[in-house]
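In this document, chain identifiers A, B, C, D and E correspond to the written order of the chains, with residue numbering beginning at 1 in each.
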Amino acid sequence: MTAETALAPKHSPRDYKSDIKPVWCPGCGDYSVLGSITKAFSELNLDPENVAVISGIGCSSRIPAYTDCYGFHGVHGRSLPLAAGLKVARPDMTVLVASGDGDGFSIGGNHFMHACRRNVDLTYVVMDNRVYGMTKGQASPTTEPDWDNALTPGGSGISPFRPLVIALAAGANFIARGFSGDQNGTAKLLKEAIEHPGFSFVQILSPCVTFRPDQKTWKDDVHDAAVDPTDEIGRAARRLMTDDGFNTGVLYKGEREAFQPPIGEATATVADLEGKFAL
Amino acid sequence: MSTLDINNIGEFLAHAHALEAEAASQYADLAEQMEVHNNTEVAELFHKLAEIEGKHIGKIDDKAGDTPIPHIPPWEYKWEGGQSPEAVVDMDAHYMMTPHHALRMSLKAEERAADFFQRIADNTTDEEVRSLSAEMAEEERDHIKWLNEWLKKYPEPENGWDEDMDPPMLQE
Amino acid sequence: MNQPTDNTTSISLVLAGSGGSGVITAGNMLLAAAAKAGWYGLMTRSAGPQIRGGEAAALLRLSSEPVSAQPDRYDLIIALDWLNFERFADEIPLDKDTVIIGDASAAKKTPAFVTEGPARRGDIDFKSMSKAIPGGRPNMIALGTIGALIGLPEDALDAALSDALAKRGEDAIAASRAGAEAGRAIAAEMPATPKLPTPEGEKAGRWLISGNEAAGLGAIRGGVRFVAAYPITPATEILEWMSPALTKVGGVLVQAEDELASINMAIGGSYGGVPALTATSGPGLALMTEAIGLAVASEVPVVIVDVMRGGPSTGIPTKSEQSDLNMALYALPGDAPHIVVAPNSIRDCVFTTQWSVHLAEAMQTPAIVLSDQALGQAKSVIAAPADIAFFAQRETATTPAEGEEYQRYAVTASGVSPMAVPGTPGCAYTADGLEHNPRGTPSGGAKDHHIQLDKRQRKTDDFDYGQHWADQAGEGDTVVLTWGSCTGPVLEALDNLAGTEQSARMVSMRLLMPAPKEQLANALEGAKRVIVVEQTHSGQFMGYLRANIDLPKNVEHHCTPGPLPIRPGDIETLIKEGTPS
Amino acid sequence: MTAETALAPKHSPRDYKSDIKPVWCPGCGDYSVLGSITKAFSELNLDPENVAVISGIGCSSRIPAYTDCYGFHGVHGRSLPLAAGLKVARPDMTVLVASGDGDGFSIGGNHFMHACRRNVDLTYVVMDNRVYGMTKGQASPTTEPDWDNALTPGGSGISPFRPLVIALAAGANFIARGFSGDQNGTAKLLKEAIEHPGFSFVQILSPCVTFRPDQKTWKDDVHDAAVDPTDEIGRAARRLMTDDGFNTGVLYKGEREAFQPPIGEATATVADLEGKFAL
Amino acid sequence: MNQPTDNTTSISLVLAGSGGSGVITAGNMLLAAAAKAGWYGLMTRSAGPQIRGGEAAALLRLSSEPVSAQPDRYDLIIALDWLNFERFADEIPLDKDTVIIGDASAAKKTPAFVTEGPARRGDIDFKSMSKAIPGGRPNMIALGTIGALIGLPEDALDAALSDALAKRGEDAIAASRAGAEAGRAIAAEMPATPKLPTPEGEKAGRWLISGNEAAGLGAIRGGVRFVAAYPITPATEILEWMSPALTKVGGVLVQAEDELASINMAIGGSYGGVPALTATSGPGLALMTEAIGLAVASEVPVVIVDVMRGGPSTGIPTKSEQSDLNMALYALPGDAPHIVVAPNSIRDCVFTTQWSVHLAEAMQTPAIVLSDQALGQAKSVIAAPADIAFFAQRETATTPAEGEEYQRYAVTASGVSPMAVPGTPGCAYTADGLEHNPRGTPSGGAKDHHIQLDKRQRKTDDFDYGQHWADQAGEGDTVVLTWGSCTGPVLEALDNLAGTEQSARMVSMRLLMPAPKEQLANALEGAKRVIVVEQTHSGQFMGYLRANIDLPKNVEHHCTPGPLPIRPGDIETLIKEGTPS
């Protein structure tokens, strides 16, 4: 090895992978997302112990255990507040939140909006397969309204959730869309998202080969979005409101300061506080 | 196809190394997936492929010797479409896949790799890059031959090979 | 190498395999075939953590009598391969009489607990055999072998195969039959298992049903026409069965965004006059408790089915436990009397859920049905349950006479006040979770609070639950006091001990809340020994009993958490040998 | 009386008011909203018994008891699912949902989004006073980030929630903004909202005189929005994303069909269902 | 018309008025003045349902001894007007010695329960009197009158007025003083009340504090530096006090979007190594139970303060009740051992909350603190509580030696496993709510489940809670067993009976869960009578005691729901006359 290799990251992507074997179906897009995440961590030169991966419940939410970082596999739909608590209490940690379209947009929808508003410096990765994988294939908020399934035969009849424009409307500071079929491109999005201050949202189209084998065609549907992500917010709204759900790339970048109240900086003692009660 | 110009030996080695490393790591992952899903036959095959790619990495590193290999972020390699040409499309994996499918998967990857090296060889202005690249292309073509041989032992299974009558398991 | 064995009334077997080998499907076919043959049966399943293609096992028990529990031991284990079979070791008690058939030539060798175990062994090379049959599959061969070993009539299996594969066409059926035929042929070379006698008598009037389906049916029988829910293991099948079924009978199921929404939607539908239900499991029930409290305070009937799984937290979602009992009883803020009932068999899932609708509607209060994974996800051949005349009958209000005023929370002797269905002129009222006076106007006054607390308590305390509060069986001065899915093994143990010195009685409580104190006291009268049996770690049922009735000082307690089922033998030992202390 | 009075509504606005006296502070905007609601009901010629007013918890959520319609004062944040359950089960009822900015956008935010998507025929009225009135003056999602209060001294530091563009992004079928100071104008909006099929959302700026006396200036801030509410959705997104929060009127009208699965139409008996289990 | 009365050690009075008459502010001034004078005191408040400007009453009890309960009767009632005063009738026991002062000339006349009651009356025309003073206000006149009647030194009231009005400037202070002066002057014409003796001795070392402030302070003393919460009555003041206080000591409070978020944020902060808390009331706690279960399973310490209010559902938000007890004990899905503690006085809110942080951190499990509205929203002059050396001390992990592996859920004798703070190299682990093996890898196996269930149970069962599990007082073979805010009236009753034949003991349980079975059994030993006292409708505490210990057959039970406080006299009667049955 030579001098130049010294510039290579301290840790290879593999260093961020644990020895726990995923329960995912072979072919599942989430494997590739795991790859993108570890590649991004590696390129960012993060020490694994200074990274936390937080999730809820779902196939996608199993990711924390597959990384060799700190992790929390919480309850369904609550990964964002769990992560926000961690980040506000420990601003020195890099916190990535992993979720699915059910976990993140159905039961977790409120936290999604409020995390966008609150703008804590988190990176929120939603592996969107337009289905509840873990519970055997029910419609999620992003599912097409006519997708037939056992719980809503003939389709839910409900128009799909548009996560990106919701994120924008709610105040997200960084909005991107990736595709699990493009592991390296997605890794790049994630790196940018992690670097960007405040709340970053990355939707990753990540096919469910088991319940949505039709999603194999996604590789032909996705296309690069050639936009200026720092575009004025009104124009961005129009763009994201009418996008086809398959354009990938960084689609919006805002300049809002991250929410991080100071912590650990005492200006008074507990005795001072008690003094206020003393007669 | 766009022209691929790599005119610097360090850059070339970085690509070659990454290409093999990516393939090795992917095969290892796939082998693991098959193990987890009790598809031992294909798991073994993927292990074997991983091992072979691992050896290639060694070879390239030997060739590199003291040549400085720059670090390139994964997305800045000059891959067509962003992914290493030798990367298999892991979305095509299936827990009931047979060696036939695995070999086909691999074959496609090797073909892309051969093509990649050949195009560098065809386009580069750097002689050292040209000769190494041509050598690599040749090697990949050897693989292709060998994979094709191997494949003969595993004819394409009939339709319905992936049929699983059992419902998936409910989990959390 | 067949050895003749005695006939028996019950046979237990496991069919295991991995990676899409179709053992669950084959298990279902076997159960269906057994049913056609006139047997009763119970099938549960177990699987690895992989979403798909992992190792799986179909656990069956077939019998000429109704089957109420998982067996103490297995007669036969057929493994299409041994991959990861160790996972099932805990769940499959085997002994020297167990026949184990697997593929000795398979890549992965037979696990130690099998080879080192006492069982008898046979080998079948499923793979090669199935390859020899066009379209042949190992699982069909296994079916044939099993059928031959246990004495399943050929035509029953044939018929079951045809039914199951009808959609796949003649070729598939033919291939399966050929497979089964081959399996049957090789069975002669295997060690013999007991054979079930060919049943006599009537097999009409039987159903093949899972506990979750049964609960769904019970709800519809009871009058539920509106369901709002969010999927969760192991309750989802209730919803997936009910969704199209409701559509057929003029009802509707809405998939909600979360459990907070589902329970509130259900309350809204019921407020509108349509009997309503939601179904969930522990984590979901936890999210519903605030709104269930609202239903108590605003007096809106609603049924909540909790199909319990291993806890705490996400726990063990695919395994059974009774550890949501405390939550069901106590999780509502404030003093919030409500109903908690529990089915005690797959068959009883029909009755108890139907009854819960009746209770909720009659008392205008939420009723929680505590089912569990062991009942919900198991499939059984049962005697068709009679339709009891419990149908939602809510006491509704009519337009008051001129000069009279409708009082939604009028104080009555029973505590139940006529509830106006929206649309009724002259009865407009606002349902409220704030404490209120009889009219429904918010009030923080002591008098109103006490009056309404009393009224709500009275509704459930004074109701006549009849004999349904418990199932009782057996005789003797030892009483086994239990509930829910523990009932099956207790019943079987009692059956086995009937007529012996250890003959005992069982009281299985269907009504958990309000605690049927008097009925229990009566039922325990004269008992020399009382043994409490439950499937929790902390003894939740025992705590609840202690809180409500005076148990004898020497009460014994068998309390063990999931994930393994309590087996009849455990209870027999308990009765025979007492609880070690 | 002349022939024309025969065309007057069956019920006067007062007929929709109960005899329960509001607990609101004199001067509170909610009094006027109650007036707008009853005027709209009257003009729509609704029979009070066929109307239900559903709410959560908050000052604004007290409205049901003050109407002489059917009502449900539920728990905090859950008025929308409560109302959706009622409406799906009883499509013959007219269902109006009343909420506050805390009840509706903070704890109830997820149901808000999903109600917009689901498009059950409800009219959702949020009395927005940019504060938690009932709990004595904390910041709500719509509160200005620098509004000083006891719980977040110096202000919450969080950028305000934009309910209208969220509603649009989530799929609401009708979006309007009113001002409690314009009781008749708001009554008109409500009438239109109730008549429009599917989910209608009406934000009503309704000052809290007690905790936000500064909102007295709102009467000068509001202004009519002269827009075409049936505008293309992308343009609507741009408009609502950048609006000043004070333009009133109908701001968007969609054409989606309301979600109403058939109910009460049986094609089979329970015995038929049981037949499927019989051997 | 003054009549001399005996001196006394405690005086109780009510200052009522409506529509912005400022009685609550005046009450606070009076309490501050009393404190300055060297008295102890307790002030609670009551009000109509109006958000603002409704009828309100400040209820004060002043004494030369620490005050632990609301009084049995009131010595003095001053009403600035009689508008809606009936609302308070239930809360203000009066008798023939009560002095009632109001404005006979006022628009709304004195309510019947006053005129028809036995009390002595006086009239003051507050309105005219205050008009005569520039900037004068009726409430200040009332203050002066009260001060004179009860013997409050003038300078103490003067000082309190100056403090309270400092921000409003000299004119306001002068006007108030003039008003008070006028009030003092007219006091001579009023019927006399008892006078409190001018206190001797030390008044330093006393605090004026509310229970909610005390809980906030206890939390900070205990080491809490991260709070996430959502406002709710009657818990909001904890948060409003803590928010700026935390900022000063280097902590932070985040306002969450709902309770689901607050509890999860708190767990996230604590997982990060910062001791964390959330505070709420019943409806909010109901929403938190799923996540509290997660904290149990993933073993993350966190403190949840529930300031209880009247239930069920939205109930009576401004009144006290102990009816969330069951929910705090039992609402988590599965078998989920955790800690439940309860402060038994305003002063004890400091200690118990501090202790809860210690317990949660030491055992790495959630601790629920059950305070209530009666403690939380009351203000009291108390002896400053000593700072106990309970500070968050979490057992943390360090980087393992080469070749060793960190196991987050390692099985230890105490059940507590060293918890790695994120950032520690070599200890990366994933906290999980799924059942897991010692390393944290999800596992549904029987062995892992049983091991982890045992471990979690052991943590709380085997912990040494020392003498803090209960407060005990008094002597005798009658034991009053109680908890929380019922403790005050019990203590006072015992004081009153001390030395008589009815002298009794009290056991007030601070540790509710795990049930301190042995300690309780010991404490009850030799008791001839056991009287259980609680403020619920359904007897939740009694049920819990029964579930956990063998109570004597003749145990007596005093259980009454809110909204009215239990008073010392109730307990005295109970002890003297027994529970009517």
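By our rule, a residue touches a chain if its C-beta (ideal position, glycine included) is under 8 Å from a C-beta of that chain, and two chains touch if they have at least 3 such contacts.
Here the structure is a predicted model, which means the values were calculated and not measured.
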(message) Taking contact as defined at the start, I'd like the list of chains shared as neighbours by subunit B and subunit E.
(response) A, C
(request) Name the chain whose C-alpha centroid is most distant from the C-alpha centroid of subunit C. (result) B
(message) Farthest chain from subunit A, going by mean C-alpha coordinates, please.
(response) E
(message) Averaging over Cα atoms per chain, report the distance between subunit D and subunit E in Å.
(response) 38
(request) Starting from the mean Cα coordinates of subunit B and subunit D, work out the distance between those two points in Å. (result) 58
(request) Would you mind pulling out the distance in Å between where the CA atoms of subunit A average out and where those of subunit E do? (result) 42
(message) I'd like to verify one number: the distance from the centre of subunit A to the centre of subunit D, where each centre is the average of its C-alpha atoms, in whole angstrom.
(response) 32
(request) Return the residues of subunit E touching two or more other chains; collapse runs of consecutive numbers into ranges. (result) 49, 247, 257-258, 260, 283, 290, 293-294, 298, 313-314, 432-434, 442
(request) Please set out, as single numbers or ranges, the residues of subunit D touching at least two other chains. (result) 73, 75, 106-107, 109-110, 113-114, 141, 261
(request) Find every residue in subunit B that makes contact with two or more other chains and list them. (result) 36-37, 95, 167-168, 170-172
(request) Report the complete set of touching chain pairs. (result) A-B, A-C, A-D, A-E, B-C, C-D, C-E, D-E
(request) Spell out the part of subunit D that touches subunit C in their complex, as residue ranges. (result) 18, 20, 47-50, 52-54, 64-65, 68-75, 78, 80-90, 92-93, 110-111, 113-114, 261-270, 272-274, 277-279
(request) Would you pull the subunit A residues touching subunit C in the complex into a rising list? (result) 23-26, 57, 59, 73, 75-77, 106-107, 109, 132-136, 138-139, 141, 150-153, 156, 210
(request) Enumerate the contact residues on subunit C facing subunit A in the complex. (result) 49-54, 230-233, 236, 239-240, 243-244, 247, 253, 255, 257-259, 283, 313-314
(request) Mind listing the subunit B positions that touch subunit C in their complex? (result) 36-41, 95-96, 162-172
(request) Using the touch definition up top, name the residues of subunit A that touch subunit B in the complex. (result) 2-5, 7-9, 14, 21-27, 29, 31-32, 39, 43, 57-59, 76, 134-137, 180-185, 187-188, 191, 207, 209-211, 216, 219
